[in-house]
Amino acid sequence: MNIWPIAQSSFKESMRQKILYVIVIFSFITILSALLYKTLAINQEVKLMKDVGLAAMVVLGVLVAIFTGTNSISREIDSKTIHTLLAKPVKRSEFVLGKFLGAGLTTLFNLAIMTIGFLIIVAIVEKGAPFYLLKAIVLTAVELLILVSASIFFSTIFPQAISTIFALLLFLVGHVTNLLPYLISKAETIGTKIIASIFYYLLPNLQYFNLRAEVVNNLSIPVSLILLTIIYGILYAAIGVVLSIFVIRGKDFA
Amino acid sequence: MNKIFFKWGIIPLCFIVLVLLLKPISLSIDDIRRIQGLERAVVATPNFGFDTILADILWVKAIQYLGGIPKITEVEGAVIYKMFDRITDLDPQFTEAYKLGGLTLSVEESEKAISLLEKGIINNKNIEWTVPYYASISAFFHLKDYKEAMRFLEIAVKAPDHPPHIDRLLATANNLAGYKELSLDMWQDIYKNAAQNYEKDLAYKNLVKLSEEIIQSHPDKDLKEKAKAMLKDVEIKR
Amino acid sequence: MAVIIKTEALSKVYNTRNKNTQALDNLTLEVESGCIFGYLGPNGAGKTTTINILLDFIKPTYGRAWIMGKEIGDVKAKEKIGFMPENPYFYTHLTSWEFLDFFGRIFHLDKTTRRNRTEKLLEMVGLKKEQKTLLKNFSRGMLQRIGIAQALINEPDLVFLDEPIASLDPIGRREIRTLIKKIKAQGKTVFFCSHILSDVEQICDEVAILKEGRLIEKGPLNKLLNVKEIEVIAQGLNSETLEAINKLSKKTTSVDGNWQIIIEKEKDLPSTLDIIQKGGGRYLSVVPHKETLEELFFSDIEKNV
């Protein structure tokens, strides 16, 4: 199997693209927010800091996921480096899997670094190890993998700029899919109804991956829920990868 | 044939299997969420997953708003209620928001205060005792609705860390609501279990007062006897 | 000798927005193993398209092809293939060492083999000193060199080189020519696309000429090139003999007391020599001059316009 060398090379590429700067920005945001909110929030500054930190991780994580996802295969195709690779005994499915793994690793690595920084800051403020926050972050990680996979899929069909827009839209719409049944029932034209229904059945419910309020407020969350949600996310990511393989297999790389 | 299937058939097959797996999983996720009370209301404010952040921003805005109004009239009351309602829609576990909203509205808009605090109780199975307690205050002192106050106080006393004065308030509420016998039992319990002397004294005074009231004017003979016996019992122990 | 590449009625039509381009038209071709096969054609003739199909980057519109007996699309055949693309765009984030090592891993070579081959290849293409330089800092010529190196990392039996020496300096060109000959000496086959005719002429055993997607000429180089003229150097010719010779020859000039006689038709040679001998002269040398590849190329292209 040639997946791993390809993944490693992609990972190395992202690292050399200095994606780590993103992490520095993140740390700034969290620390600054902690200082800022102290004056604003009447003894809620710790909650606010955690909320801001977790949300900032999502925002930056999503940006990294979409960027690396849409970049990984389109860059390979646009710069024709794919020719050199496919001339070797590399199956197209291996190529897609390697690229997904590489982009996924980049995204998760980025998230991991942010997590460490964030947990240290919270630990200092709370004077205790805030490992319970990991429950929220693990789900964010799975959500990011869905976005990586979707970005890769879009980029097998569309140019990078358009794929980026689609992936961002997926993220946004995925978080309001629970509004869709309402929209379907209220829709006036049959067209809207159909489109909303298609979206409802096709798109992942990304709100599943948002247990941040519950985690920050220290609610008990059953492990089974977290595990099922992770499986749900991995299934969606797998669907994206499978579709990407399908497209890449039928594609001409002239 | 075999080869062609392997090349082109396997991918659609994987796709179908994955899609078929999705539905039962999402249904079980929904189930667990419902059972655990983790289901969110369909929120009117679009937030794309950034619900807590939005709640925090509205919280900060609410605090600034509260700092800027001299007095709460009906208009402000409605605004404040709306603000905290939105905040807690976005972050249903934001206990401080229920508390602050409830406290702010407790005097002038007691009903709104109660409805906000009750929302907190519904959204959080193990909410801290202060939330039902605040609701009971509004009901007790401002609405003089003792039955309503009892309802909240009963929730508050279930919290293991609730302070003893809640028990006394509940006993009083029972008395005022007309549940004399229940109130008597409660005062007796409080008297027995009091940890501090002043608490014992307080309980004693209330017990004596209630017993005498029952003996003098209560129509129920059995209850009168019970009160007499209790009074005696308490006095002997002292 | 075995046939290593075989195509059958290979055709490719590119459909683009405003027109359809027939890039390959019914190409039937066989390449025997162990030779340097020069694949010639003007820009846009379909050379790169042929390679793209053979390596399964694109699907032919029609036709089939085999490499080493395996129908194209079979990944296993690629174990023994090397390829150097026309435009040397590679992973710019890797150093030349990492780049070769990466492909070594793709071929599942173990660590020591990878190190040995990487070292040897870098030496061979003259990039030893640049082994720690990122490819993004390479010049175009250097990229072509590293491109050749990566094509050889798996010690392939068949190497596709798509215009491998276009951007090299004269010394580099000679080096690579020598290198290609060396590869052939190891019993390997080289499929060499080029429009630099002098290079092809110097190293190729067989050539095929392509024009607008159609094969217009194919065969061993020395058979393809026609004898253009024959030069005879003779001595002691009297004016009578000269007159007789002039009837047959294209040109007769006196050079340092000898006569240079140029004959265009091969069949005229025996009678010319006869005349010389009968007239009491003697000939010092007979040298046939073949066409250059360039002349063949242009005459073929013109014939097909």
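First chain written, first letter: the chains are A, B and C, and each begins at residue 1.
Keep this in mind: contacts are C-beta pairs under 8 Å (C-beta built on N, C-alpha and C of every residue); 3 or more make two chains touch, one makes a residue touch a chain.
This is a predicted model, so every value here is computed, not measured.
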Central chain of the complex, centres being mean CA coordinates: A
Selected interface, A-C versus A-B, where C-beta contact pairs are more numerous: A-B
Computed distance of Cα centres, subunit C from subunit B, in Å: 87
Chain centre separation (subunit A, subunit B; CA means) in Å: 37
Centre distance in Å when subunit A and subunit C are each reduced to the mean of their C-alpha atoms: 50
Multi-chain contact residues (two or more partners), subunit C: none
Multi-chain contact residues (two or more partners), subunit A: none
In the complex with subunit C, residue positions of subunit A that touch it: 2, 5-6, 9, 12-13, 16-17, 79-81, 83-91, 252-254
Contact set on subunit B toward subunit A in their complex: 7-8, 11-12, 14-15, 18-19, 21-22, 25-26, 28-29, 32-33, 36, 38, 40, 42, 46-53, 55-56, 59-60, 63, 90-96, 124
Of all residues in subunit C, those that touch subunit A in their complex: 14, 49, 52, 55-59, 75-76, 78-79, 81-83, 85, 87, 89-91, 93-94, 102-103, 105-107, 147, 150, 154, 160
Subunit A residues touching subunit B - in the complex, by the definition given at the top: 37, 40-44, 47-48, 51-52, 54-55, 58, 171-172, 175-176, 178-179, 182, 205-214, 216-217, 219-222, 224-225, 228-229, 231-232, 235-236, 238-239, 242-243, 245-246, 249
